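Just below is one structure, and these are the notes that go with it.
A, B, C, D, E and F label the chains in the order they appear, each numbered from 1.
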Amino acid sequence: MNDIINQYRIEKQPYYRNVADEIELYEAAYSVRMPMMLKGPTGCGKTRFVEYMAWKLNKPLITVACNEDMTASDLVGRFLLDANGTRWQDGPLAIAARNGAICYLDEVVEARQDTTVVIHPLTDNRRVLPLEKKGELIQAHPDFQLVISYNPGYQSLMKDLKQSTKQRFGALDFNYPAHDIETEIVAHETGVTAEVAGKLISIAERARNLKGHGLDEGISTRMLIYAGSLIAKNVNPKAACHMTLVRPITDDPDMRDALDAAVSTYF
Amino acid sequence: MNDIINQYRIEKQPYYRNVADEIELYEAAYSVRMPMMLKGPTGCGKTRFVEYMAWKLNKPLITVACNEDMTASDLVGRFLLDANGTRWQDGPLAIAARNGAICYLDEVVEARQDTTVVIHPLTDNRRVLPLEKKGELIQAHPDFQLVISYNPGYQSLMKDLKQSTKQRFGALDFNYPAHDIETEIVAHETGVTAEVAGKLISIAERARNLKGHGLDEGISTRMLIYAGSLIAKNVNPKAACHMTLVRPITDDPDMRDALDAAVSTYF
Amino acid sequence: MNDIINQYRIEKQPYYRNVADEIELYEAAYSVRMPMMLKGPTGCGKTRFVEYMAWKLNKPLITVACNEDMTASDLVGRFLLDANGTRWQDGPLAIAARNGAICYLDEVVEARQDTTVVIHPLTDNRRVLPLEKKGELIQAHPDFQLVISYNPGYQSLMKDLKQSTKQRFGALDFNYPAHDIETEIVAHETGVTAEVAGKLISIAERARNLKGHGLDEGISTRMLIYAGSLIAKNVNPKAACHMTLVRPITDDPDMRDALDAAVSTYF
Amino acid sequence: MNDIINQYRIEKQPYYRNVADEIELYEAAYSVRMPMMLKGPTGCGKTRFVEYMAWKLNKPLITVACNEDMTASDLVGRFLLDANGTRWQDGPLAIAARNGAICYLDEVVEARQDTTVVIHPLTDNRRVLPLEKKGELIQAHPDFQLVISYNPGYQSLMKDLKQSTKQRFGALDFNYPAHDIETEIVAHETGVTAEVAGKLISIAERARNLKGHGLDEGISTRMLIYAGSLIAKNVNPKAACHMTLVRPITDDPDMRDALDAAVSTYF
Amino acid sequence: MNDIINQYRIEKQPYYRNVADEIELYEAAYSVRMPMMLKGPTGCGKTRFVEYMAWKLNKPLITVACNEDMTASDLVGRFLLDANGTRWQDGPLAIAARNGAICYLDEVVEARQDTTVVIHPLTDNRRVLPLEKKGELIQAHPDFQLVISYNPGYQSLMKDLKQSTKQRFGALDFNYPAHDIETEIVAHETGVTAEVAGKLISIAERARNLKGHGLDEGISTRMLIYAGSLIAKNVNPKAACHMTLVRPITDDPDMRDALDAAVSTYF
Amino acid sequence: MNDIINQYRIEKQPYYRNVADEIELYEAAYSVRMPMMLKGPTGCGKTRFVEYMAWKLNKPLITVACNEDMTASDLVGRFLLDANGTRWQDGPLAIAARNGAICYLDEVVEARQDTTVVIHPLTDNRRVLPLEKKGELIQAHPDFQLVISYNPGYQSLMKDLKQSTKQRFGALDFNYPAHDIETEIVAHETGVTAEVAGKLISIAERARNLKGHGLDEGISTRMLIYAGSLIAKNVNPKAACHMTLVRPITDDPDMRDALDAAVSTYF
């Protein structure tokens, strides 16, 4: 069992640049094992934050990218057929609950309802995970914590968390970092100079203003790191920006022109 | 079998503060083994109430969080493949019926219809559970009782219990407790002073007035306990309220302003 | 096999109060083994009637609560995996057909179409049940009879029996019994006095007038028996009525007021 | 194998009263093994006709009641798990094709498309049934013939046979028999006098005029036989008619009055 | 393996009457192993053409009647459970690709998308079939060719081949043959005189003019052969035409009258 | 394992004619193992480009044609039943991640959401593939890269990549090559003269102008190669063009006339 859980330990300190008091608040929430919900747009650093906190708290981290075809069994576990008949295989949530890991359900709203309801008994004071198919009740390890991410910009009328789920979580808001902090992040992660990184952030800021005016999402920090990493490989900065900041997010000619113009302003 | 049922016994008296005559009425209903339906908003104490009653009546309690992907087999049981061929595995409802537990189906309206119909023969005077796949008819243990919860605020035209199901249950209404009682509950559960607890309840009362005017649900008792537990850990009360009372339930800027203002009034 | 069928025998005479000539008509229908359809609202005594007739005719009774997730295999049977390979497990309909039981499909209209079509060959003069997956043709036992229930108030455009199914059944109409008969039934089943029982029936009659004017269904005989059984346990009659007659069937404040007023008129 | 096919032989001559030249036309169609489609309303004698023809031609008859949950595997066969691994189990269509039976697919339009397409290769000059899952191509036995039934009154826009299926069949129309012939049939099948039988047919004729004017289908010959069989058991003719002709097919009060009036005219 | 593929060889020359240059064009397409799409109405000879070409090119022919419930596994193959665990069973497409057969997917547009996408790698210059579940990449046999049929009259907005599929095929148009050629075909296939055959074709031509004006499809060559084969068995020509040309394709009284009148004109 | 991966090596240099700087940009992206998205219409050379790059970089290439019925298990792998119980079978994505192949997901937008979400952890800095059902975390081989294709013309409101997926890829645009380059390609691939190839390109250019004006897609380079290969086999050029350029993409008579006229202009 230790082998299974050890592959989820984070050996090296992940680079994370704090933005406000999110680290202290998370530590307080963890101290009472409060389930946490990280809210914010895609690519702004939610996943990196939870990796950093897992490292800082020295707990294994099990991440599950949720999707609409995921079933409760994918989280909780299932019976497999073995030479000696059926054998129970714990799912990632059961592994985390038994071994005291942090379980991070990324984009939980995408999951089917049974996957969201299955976490309820883990989020109230009982802190249990019923394996109904197995007839077992897992009492969560004292170190176990549940974290989910949630992108408020995506939610439609059709797909949202139930109130009875939302109320079981404390929430932290995330957004793209301030100009100087984001510059520091991009420079650190790609090796480009602060000047180049700053130009990339300026391009992103123009795109972010177009969100809701033709763009579904702005340019994320992750995309800026992609652009920077190509520039650091001596790719022409304009080509790098087109390939990583413009073409992936829009096929609309007007939007492309607007974003290309932003690129040309700085490079 | 005793091992299986014993994990569902409630060893310690759960904290429950009665609001009206619900304890006596439930005891009368249990004395004739009437199936019960607990109605009320999320997080107002329905689950805690049934835990308390199970402890008071000294019966094991099997709780099932229902969801739209749950099948009748998830409740009743299924055949598993074993070294010697198939082996029957009782589901939680069958375990409860055989062993005289209280079976609590939380948010039963979320379940598919086959899960709700499967409880019918347990709710009339026959008190049987047919395991059709196994060809067995379980005669319920004399101690067995069925309890379901139901949140009237959630029901849409698409999803409601059938009349032929509703009529099989006696019903108790639940709501958020009165100010003084709720203060007592929050102080008891978190360790904050009655003054702090009272402030939290006042914030909640403002939010509950917004229900239906921009909020789907008000702030529940459970959420107040979250806020209190962070404050008891010396987190700044405002930050604690934002994290546990405001951010989880709304992303609407106006609603957030309204709720933040309520927080600032008291802290 | 005898063990399996014997658990479906009804040992004690069920209490049934005849309303008109339904017992004689059913006996005539059974004498030609005509498939029967019992029509009427939920909780008016259809299930009790068929239990009574099974007892009177001294035949085992196999009851199946139908639902929209039930498959033909749930009725007919399926192959199970055994130490020696697959083994056929008769479903409830096959058990009934082989052993000469009455098979009662409760709320058959809820079932998927394959479950209703599977009964066709049992309802014409061939009286056979093809187990297509097994390659066997069951010739029904001479005592076998098929009975279904059907609630005309429920049927929507989307969900109704096919004409080719309906035409295979003789039909008996059921409704709530007349005042005096229902009083007799409630008093007998709960132990309350005829006076108390009569008051309960009067409350129900008011509610039944509201059917279609805000209530989906009226208060059924079954619900009155619930109320009476609490009153017989010395629960306050008003509280007993609220808990069993009012709260289960409506959350609409106006309807609740109307029903509460009816309760207050009599208790 | 002979045992399996022999259970489908029709030992006794079924009673069938010919209406026009349908017997000769069917014999000619069978002589060239033309696939046949029997069209007409429910309960008018299509199934009895095909039973009679199978008896007359001395061929086994395999009848399958089609439904919307039936899959191609239900017709063609499937692999079952055995002590020695998987074993192929022929479905009813494969049994018929191998052994030279007439295969009658009742209400084929109800079936899913894969069940209707699977019959295509059996209906053109190749006369083969590919068992794709098994990698086998069954060359149909020279005696094999395919027959389907089809109720034109039922077909909606959503559910109809594909033209490429329809064109593969010769078709015979069926309808309720003429007054005198139907009288003869009902008297023969139930033992009532020709006078009583004639009255029943007169009632049916009134109802058939209401088809499309409040009734989905008229009263079928099968229903008249039900009524007659109760009358022959000395049930009051009015009660017998209500139970078998009126209540099964309508819950509309006006329609019931109209039909009851028709009954009262003759009994 | 040879046994499996040999059952798909066409031993006898199928009767096919060429209409234009379709045989030469197909031979050229086969010489570069171009995937082919045969377009045209149902029953006009597409299947017979591909049988003839397979015989002429001396290649085995594997025909699959596609339907909306067919999965990629039905074409490609699947794992079956055996005494020694799972065993891979090639589907018809894999058998054809391995053994150099022509694989004919009849009415491919009916199939689910995964079945149409699975053919893509076989239709570009790689000519491979990935068996992803098995981890094998079949390099198609040099003789393998893929042929699909497609009825343009059927395609709705909901169901059409994707452009990326269509572009992978050369296409040949088919239609009902010219009067004299069709006469020759019907006389040859049924044994009726050219005069009788000519009358049948004249009836068909009238019906084909009604296509889109009350008839979904005209009378096909296949249906004329049905009519002729009954006439050759001395069935009255009018009865034969009603049974094979009129009743199968329409239940509309006006259409039936129009078609019956056409029949009466010639017989 | 080497056997499995070796069947995905590209032995011979694929013919690819570069259009702009796409080869250099791709090499830079590969050097930082950036996931890539190739955008452009069907049949313009995206698949050939990725084959060429795989050959140039000397990496195995695993191509998966995505479709709406593909599940995450089809990509990641599944348990199979073996003589010794279940055995894990890697899917194509897991094979690629373990062995350092380039994994090309063709038309990824067609896939269900779980298949697109499953690639997320492979596209951020963790570069892991969690096999949740197996409880294993594959750390991607240093040579592994993920490539997807995407046709912007196809995307509907219902079916598009999620922003959180798009942002994980650098993107390259593809389109039909310029006249002279496309002439060179068609001549090289088919063996026709540059003159004939040029005429084919001119026909295609006319059709491409009709895109959105009656044609869903223009004539692709792939289709021109089909036409050329028939002409090289001495098929009449007009017939070859009708068969490969016109009939496959439209059944609309006006469109066919317009395209036939374009063919007649040049041949």
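The criterion applied here is as follows: a residue touches a chain if its C-beta (ideal position, glycine included) is under 8 Å from a C-beta of that chain, and two chains touch if they have at least 3 such contacts.
Chain by chain, the UniProt names read as follows: A, B, C, D, E, F = CbbQ/NirQ/NorQ/GpvN family protein.
Keep in mind that what you see is a predicted model, and the values were worked out from it rather than measured.
Chains making contact with subunit A as well as with subunit C: B. Farthest from subunit C in terms of Cα centroid separation is F.
Two copies of one chain, subunit B and subunit C, touch each other, and the residues they use overlap weakly: the shared fraction of interface numbers falls below half.
Summary of the copy comparison: rotating subunit A onto subunit F for the best CA superposition needs 60 degrees, to the nearest 5. Here the spacing of subunit D and subunit E, counted between their Cα centres, is 30 Å.
Rounded to whole angstrom, the centroid-to-centroid distance between subunit B and subunit E, based on C-alpha atoms, equals 60 Å. Within subunit F, the positions touching two or more other chains are listed as 81, 84. The ring sequence of chains is given as D, E, F, A, B, C, with subunit D as the starting point and subunit E next. Chain contact summary for the complex, subunit F toward subunit E: residues 4, 7-8, 42-43, 47, 63-70, 74, 78, 80-84, 87, 89-92, 95, 106-107, 110, 151, 154, 216-217, 220, 222-223, 226, 229-230, 233-235, 239, 243-244, 247-249, 251.
By the touch criterion given at the top, residues 21, 25, 28-29, 31-32, 34, 37, 39, 71-72, 79, 81, 84-86, 112-114, 116-118, 120-121, 124, 130, 132-137, 152, 155, 162-164, 166-173 of subunit D touch subunit E in their complex.
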